[in-house]
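After this come two complexes, each holding chain A, first together with chain B and then together with chain C.
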Partner chain A sequence: MTDNNAAPKGRIMVVGGGISGLTTALEAAEAGYEVTIVEKLPSLGGRVAQLKQYFPKLCPPTCGLEINYRRIKDNPRIQVLTMAKVNKVDGGPGAYDVEITVSPRYVNEKCTCCGDCTKAVTTEIENSYNFGMNKAKAAYLPHEMAFPQRFVISPKIIGTEDANRAKDACKYGAVDLAMQPQKVNLPVGAIVWATGWEPYDARRIDNLGFGQYDNIITNMMMERMAAKNGPTEGKIVKPSNGQAPKSVAFVQCAGSRDQNHLPYCSYICCMASLKQSTYIREQYPDAKIYIFYIDLRAPGNRYEKFYKKIKEDPNTFFIKGKVAEVSETPSGEITVVAENAVTGEKIRQDVDLVVLATGMQPSASIERLPADLVFTEEGFIVNDYAKGGMFAAGCAAKPADVVSSNQNATGMALKAIQTLVKS
Partner chain B sequence: MSKKYGFYICSGCGIGEALDVKKLAEDILEEEGHGNIKFHNAFCSPEGVALIQKDVADGVNAVCVAACSRRVLTDVFNFPGAQVDRVNLREQVVWSHPKAEEGAEINPLQLMAQDYLRMSMVKLEKIKVPEPFKLEILSRKILVIGGGVTGMTAALDAADTGYEVTIVEKADKLGGWAASVRKQLPLVYPYRETVSPIVDDKIRQVRSHPKITVKTGTMVARIAGQPGEFTVTLKKPGDKIEFDVPYPLPPEMKVDENGKELDNDGLAVKYKEYNEGRADILTLDPAGEMFGAVILAAGWRPYQPAEGEFKHLGLGESPDVVTNAEFEKMAAAGPVIRPSDGKPAKRVVFVQSPGAGDDSDFPYASSVTSLVALKQAKYVREDYGDGKAYIIYQHMRTPGLTENFYEAVQQDPGIFLTKGDVAAVKKEGDSLLVEADNTLLGAAVKIKADLVVLAMGMVPVTQDDPVVNLAYRQGPGFRDIGLFDNYVDSNFICFPYETQRTGVYAAGAIRRSMTMEESMEDATGAALKAIQCLESVNRGVAVHPRSGDMTFPDFFFQRCTQCKRCTEECPFGALDDDAKGTPKPNPTRCRRCGTCMGACPERIINFADYSVDSVGSMVKSIGVPTEDDYDDPPLRILVLVCENDAYPAIDMAGLNRLQYSADVRFVPVRCLGSVNVIWIKDALSIGIDGAMLLGCKHGDDYQCHFVKGSELASVRMQKIGEALSSLALEPERVTQQEIAIDEYWKLPTVINEFVEMVEALGPNPFKGF
Partner chain C sequence: MGDRKLLEPDVQFIQTLGERGADTLKKCYQCATCSVVCPISPDNKPFPRKEMIAASWGLSDKLVTNVDVWLCHQCGDCSAKCPRGARPGDVLGSVRSYAIQKYARPQWLARAVNDPKKLPILFAFPAVLFVVLGLITGLMDFTPELRHGHISHGMFFSSWLVDMIFVPSMTFALVVFAMGLKNFITDMHEAAVAEGKVARTDLNWLDLIKAAPKVILTILRHDKFSECGENKERATTHMMVLFGFIGLFIVTGVFFVVLYGSMAWFGSYELAWHSPYSQLNPVKWLANVAGIALLVGALVMLKNRLFKDEKVAKSSYQDWALIGLVLGLAVTGLGAEVSRLIGAATVTYVVYFVHLMFVFCLFVYLPFSKLAHLVYRTVAMLYAEYAGREEALKKAA
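Then we have the complex of A and B:
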């Protein structure tokens, strides 16, 4: 029997407050360690907060987020910094010096979330939570499940009359337009990078027509569209005219498994499209659904069962073939052209709506992290366990589904703890 | 400790405009003799908080903040030394209901606020300050079951963090499956090359680690007790010993010859007979070893085809049709040869799917079976310069970065990969002929082969045996793993390590088909969970999902009638009853959901801050207007709300200013499983017109954080329906509705439809009695 009741030394910094970062932070904190979460957006939750449901259970991600947020509220060992970015990491395993910049939210801790500032402002900004499919007021709560539940004022209106209107509307003195960026210096013993992923920019896939035709959307846009708190209040419609689609095509491997774009498989897109076919079916019992794929990657009993269930739908068609091009018919339909890999015949399918199953690009490949890390050619972080000190968790390390990301993130909490114990 | 109360009624966020807060205090609090009542237009402001802090410093230890939801500003309204209750006047009252008309006879909002304030008042009166449960002696040692790469990795990770670990391995040496392979799948970026087995290196590390004890040729006979103090009996495989785990009686043995249920004494006799020679679970092995937590890494075995299964593929017909596991053994022994005549196997066909028109893979297959075929195809090429390997698949499943390996294998001109539907494998001369349809090579192809390899899946060993052998009254294994094809998996996507057995964490292929790389990663996570459980037990707090909760169920045994419901219904098997049927609590197995509290007909199970009495008193404090009060008294509907999903949904409805009937009164509960039917009976007996349970989805894809809560509640509600009929009350007055956290938009419909339905039934005839 060992008696190691001594207070653990050192702090763990977790960069990224998505599902992986939350998991690492909470699992470490509940083992007794001090943790700081550094999140760049105004709310925690990350990518999963934008999803309507998880596969294969078709359950809402907010359910798990709620429990995680409650765990944070109940745990004094966790510090949360939002709108925060790591500028610099000096030092080595056991003793890092981190410099963080916290951007001004222009709303302080006096915010009660009453919503009066939103009512007062008139400027509208692009709503990035909904991938720009609608606008949001320039004083806003990122979404209902935002954590911390606190409003934000867009820097776009700072210095305008609108900002003053927000300030005047607030009865609680919570709007602070003079707020400045703040530098925070944090000594930590270990760092877990849970910086996650960005949807691959579909505009770069020239042959798939995104940005060219209104009725071609990405899978992440579909998540927002199908969600009740999304831009269409959950209604899946053709963006061109707001009407119901009678047919939908899913284009798998849009950018993934492609040497010109992302050479790897993005892991989740097959299951995501199968899941999204249930969103469509729920709203449109007769809509035709076409899934164009190279391989249907639904591995393991749990996923295979889900795939089997979808296959039972008589109006869902699976076509083994990579989509080569898309075009628009005079009547506004989208023609999807693919070569059937088995028969070799060219398939042309006209549909009302096309969903591009775009993949994951590691966030670290878009903006390099200011730390001494090793990256793959595509920008994933390569873990160096022998060196220790810094680790990547979840999709910062490799494309993965939520379950695997959480397993991985739990393990990385222990790797970080080991660094503290050893140093 | 006597209670000193402080009530803090906020008028911010629209509360003051919609409610008369001063009158609220007069009507409810002052009426009850409470004097310490303060008002502020924003109690969350520094000035507001300071008011409360000053009172707490002056001795106030029961704080009621009547303002916003308890889900928000929790850090602000946190006053160490005081118990805090939050009255949700904002989201549940003023944000979800229109302001009452001036001069109207009834002000529904004011009545609602009165009720919520009254509830808080009685709640604060009834609840006690929790004191954590601490074990007298805590063992921090971790037991790892299984000495394969998963178990060894878990052991090394726990040991490297400073914990003592014992690995038990059934076989006479460490290594498991990993010790029998020729090559492993790639482990590191760029994931293009197979690697030599790393298992010997792992074994060396384990053997030389001062904190790891290895016991080979050993298995678990039983694990008794609870996290922090498991008493473990180990034995040699095959031995029959007194401390082999006993099994619960199968249902058919729980009745007498006439089919009548046996009483507890009769059951005890039968149980003894059934487990002849095995000590009862409550008898602790005096020679047992103490452990604090367990990691289950017992792994998998290859799928065993039944006699005649896959006959169309020649399995059992020709010795040259083998499974992938058999092929691996052959390849590990030397160049691959044909079992039939020992000649080199230079043309090998790997069949990934049984075909015949279905694109499903073999049972228990996964991405691992795809990757293994790629690896094994390379063996053929390594062994013979002129060797050829064919992989016929329906879907090449190489997700994520494992695609790199697939891509690398595709570069080999001697490996042919095609989608295809394998129709038959036939003998032709001394070799085999594989017939496949719909391939990328043509509509119907025939491939001559020396050897055919079928991609059988990985079956978790828990398919055959519980392995953990828990000396728990509910049985030795994990419950409900049938839902997961006998994998010891979690149903939770967000919480992959949470199972129904606290302190026992599964890792590796026992819970999902995984590669060695994935298994090792998983092992590290399981090691963290084991450590976290120990440290939580040490602090006397619960683990997930009520992490940090210091309460635990307290039993008033004098009134126990040995009905066994609590023992049987606990989702986590936390209770073990004795021969008489009296439950023995194991607080560190408990997850604090309160299912036992809901189950107990005698109402003798309670938590310090959550009890049958505290919630019951809240229910009974709801004001029920009668015809003496108003000509047309409004209905009153009790809604018992799951705090995990339904309560946040109500908050979000408020945030979106959705409106619903003001006749409802919400009472949060830890889980619908904790709902004791007495609360419903109490409600109906004071004239409340209807009662609703609002919670999460149950069934195969359950969302209940306590696994069984909402399901058990629905069973209990069916029974209460029968009881209501006997009281001449319509059973429709009680309902259970599912609402997921993101379905807040459904809330008005769910509530209003029920209210309208009750309205149609008419008022509760017990009103006014």
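Then we have the complex of A and C:
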């Protein structure tokens, strides 16, 4: 990077600290611009931090995250606000006034991640990082790859004896129970919304039995289950009894390409299921894997090659037909029902575990963003380049894989920089 | 992949389906959700996914000969769960309508019955026919007297004239059905065997008829309707209308026999037991109950269609025409009776006249209209039972 003599004017705010937000922030900061990352959770990393592996290379996301965190630490131009939410955006391109609320973490920078506070508290809370598959203590580290590496104390125990126990257990004086929510006013020249996605709520797909039968999970739950730092320490098991599944069915387009749910294709679920079939194969060489699909989408040469490789597996079966009914057998297996559209026969397949390949719902559709933005009917942000100033990156704009998100995020960093330069 | 077949899309067919409620069929992307959520679709070659692609490709021959389109009772589970809003239920309904038209003769009448523009002519035709025949024969009296001190529709519109018109009308309908059914059954059988979805590959007419008691019981009990998830209440309204028709058919038959029987007994038209019959007569009770069932059933059907979500089901001209006919029959039938009882002579004669117009439409247009499902669906269900549509898979296994 060459030094830029003219001091860049203005600051770029990046909302969302997932892979797209990180990329935008780093690209802009490394080009010499001041950047603030506003992340609502206690840690950066977003959805990729929940994955076991990326497709198609099957490498762990922790590797890339670590490099990005290193780049952030080395770059004084990046300010990171976690547990922070944007309340209000006023002004226009080149001169926005942003109001942010930072929620109290109750743990300050003295934290060494020793874990004594966790041991001290007794209250358990739902572990949303693992999609509720296990509990976490009310004083916790978001996850091993958390950035900042700092514990959090759940507001649920504030004012209770448990909070005092955490405070007393800390040898470093890092627990600060008096922390209050803080309002931060930030003048910025450009904003990149990298607000990402939520897994579509599988409970809403009433014919696919999620929430009704224990052995039906979602694809993101499978990621957590297969990950070493997940609730089962990486062991893929039947949630009902912790036993090894002998057969697994993947239900593609679960609530996707469906006008009753998400009307669009989420782009990644086919590849994700193909990838997850390798997780199962790695642990269970003889398990039968059934992939029920409408159309398998493996776009591009590399993905196509990956799909072809999976197809070579003699115990992985591809059935063209969407699962539209599930039930449980008396012995606890799940029966998935589909019509094989190639043979024209109805299939009732009993399996031990069912994975619903649910799609991406834009976070902005669940909680509206407090800014003058244009949204699609589904809640994706429409980029208005003519107006400029605010841009959407990654899955806030459309469903995308990590590669495309990063490419897009880099482009949006440039868009943000152009806004500053022009104004 | 050895067999190559040239598909010949019938574009006109696709257009016609579109006009009859299947305007969404091209939205289908063959996910097969419909075949799975359908509560009455068999495991072997289930419907309606394969019908959706055949319709989309314009394969009219494949569809009109398909027994499965008749096994569908259009409960709408498939349309409600369809991820694309392609409304398979309505597509099958439109295929049935097309098949009815295709098997009916004469074709010009079949086209006319299904063309909303021809409705005024078709409806006016019986009025003209009645008056012309009435004037020629002198069996219509425009200044009718009372019969034994009561208003009697027969004094205005002689029962001779009624039977002179309606016995041939019914015969006409039966002949049209008979001609259509012979082709329909043969085609349906050939297609089902070719597709390998039936256990029995021969066609034995006697055995086919032997399946009737079981199937008719299934129909009367509305078993298939009750299996539906989405529109369970349709079973009740359909039952009311069907039983209403059956009741009125029995009443008409009984009074027909009574009239001509008494005439033969006494050897005199004047001495025969003419209508109106006493309200204390049990047959009259049946008539009234059946009439009210028809009216209430049709009104609820009308209400359901008016307030139905168009995304799940859309009503076509054929649907409205049938409800209109049933309502017309019920309202004018009960109206003629009530106005007679309160002594409104002119009103009751006019209403009775209109009632007979509706009855004419019912009989003569029956084999060409949606109501023909009464015959086609019954026969298709009969065939499915006879040929073992459900059991073909077990046999193959």
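The working rule: the second predicted complex is superposed on the first by the 419 of 423 C-alpha atoms of A that agree within 3 Å, B and C clash if a C-alpha of one lies under 4 Å from a C-alpha of the other, contacts with A are read in each partner's own complex, and residues count from 1 in each chain.
One rule holds for everything that comes next: a residue touches a chain if its C-beta (ideal position, glycine included) is under 8 Å from a C-beta of that chain, and two chains touch if they have at least 3 such contacts.
Being a predicted model, the structure only gives us computed values, none of them experimental.
When the two structures are aligned on the shared chain, A:E328 is found in touch with neither chain B nor chain C. Within the superposed three-chain arrangement, the count of touched residues of chain A is higher for B, of the candidates chain B and chain C.
Of the two partner chains placed by the overlay, neither chain B nor chain C lies in contact with A:D384. In the superposition on chain A, contact of A:E126 is made with neither chain B nor chain C. When both complexes are overlaid on chain A, the residue A:A341 reaches chain B and chain C alike. In the superposition on chain A, A:D176 contacts neither chain B nor chain C.
Contacts of A:D350 after superposition: neither chain B nor chain C is touched. With both structures placed on the common chain, the touch criterion links A:E99 to neither chain B nor chain C. Contact with neither chain B nor chain C is seen for A:D214 once the two complexes are overlaid on the shared chain. When both complexes are overlaid on chain A, the residue A:C114 reaches chain B alone and has no touch with chain C. In the three-chain superposition model, chain A touches both chain B and chain C at residues 257, 295, 341.
Of all residues in chain A, those touching chain C in their complex are 207, 253, 257-261, 294-295, 321-325, 337-341, 344-346, 348. Within the complex formed with chain A, the residues of chain C that make contact are 29-37, 41-46, 49-50, 81, 83-85, 393. Within the complex, the chain B residues that touch chain A are 12-14, 41-42, 44-46, 68, 71-76, 137-141, 157, 160-164, 188-190, 359-361, 364-368, 370, 393, 395-404, 407, 419, 438-440, 484-485, 487, 489, 491-497, 512-513, 518, 521-525, 527-529, 531-532, 535-536, 538-539, 543-545, 547-548, 644-645, 648, 652, 655-656, 696-697, 701, 703, 705, 740-745.
By the touch criterion given at the top, residues 1-2, 4-5, 19, 26-28, 30-32, 52, 54, 57-68, 70-71, 73-75, 109-110, 112-114, 144-145, 149, 171-173, 227-229, 257, 263-267, 295-302, 304, 308, 320, 341-342, 376-377, 380, 382, 398-400, 402-404, 406-415, 417-418, 421-422 of chain A touch chain B in their complex.
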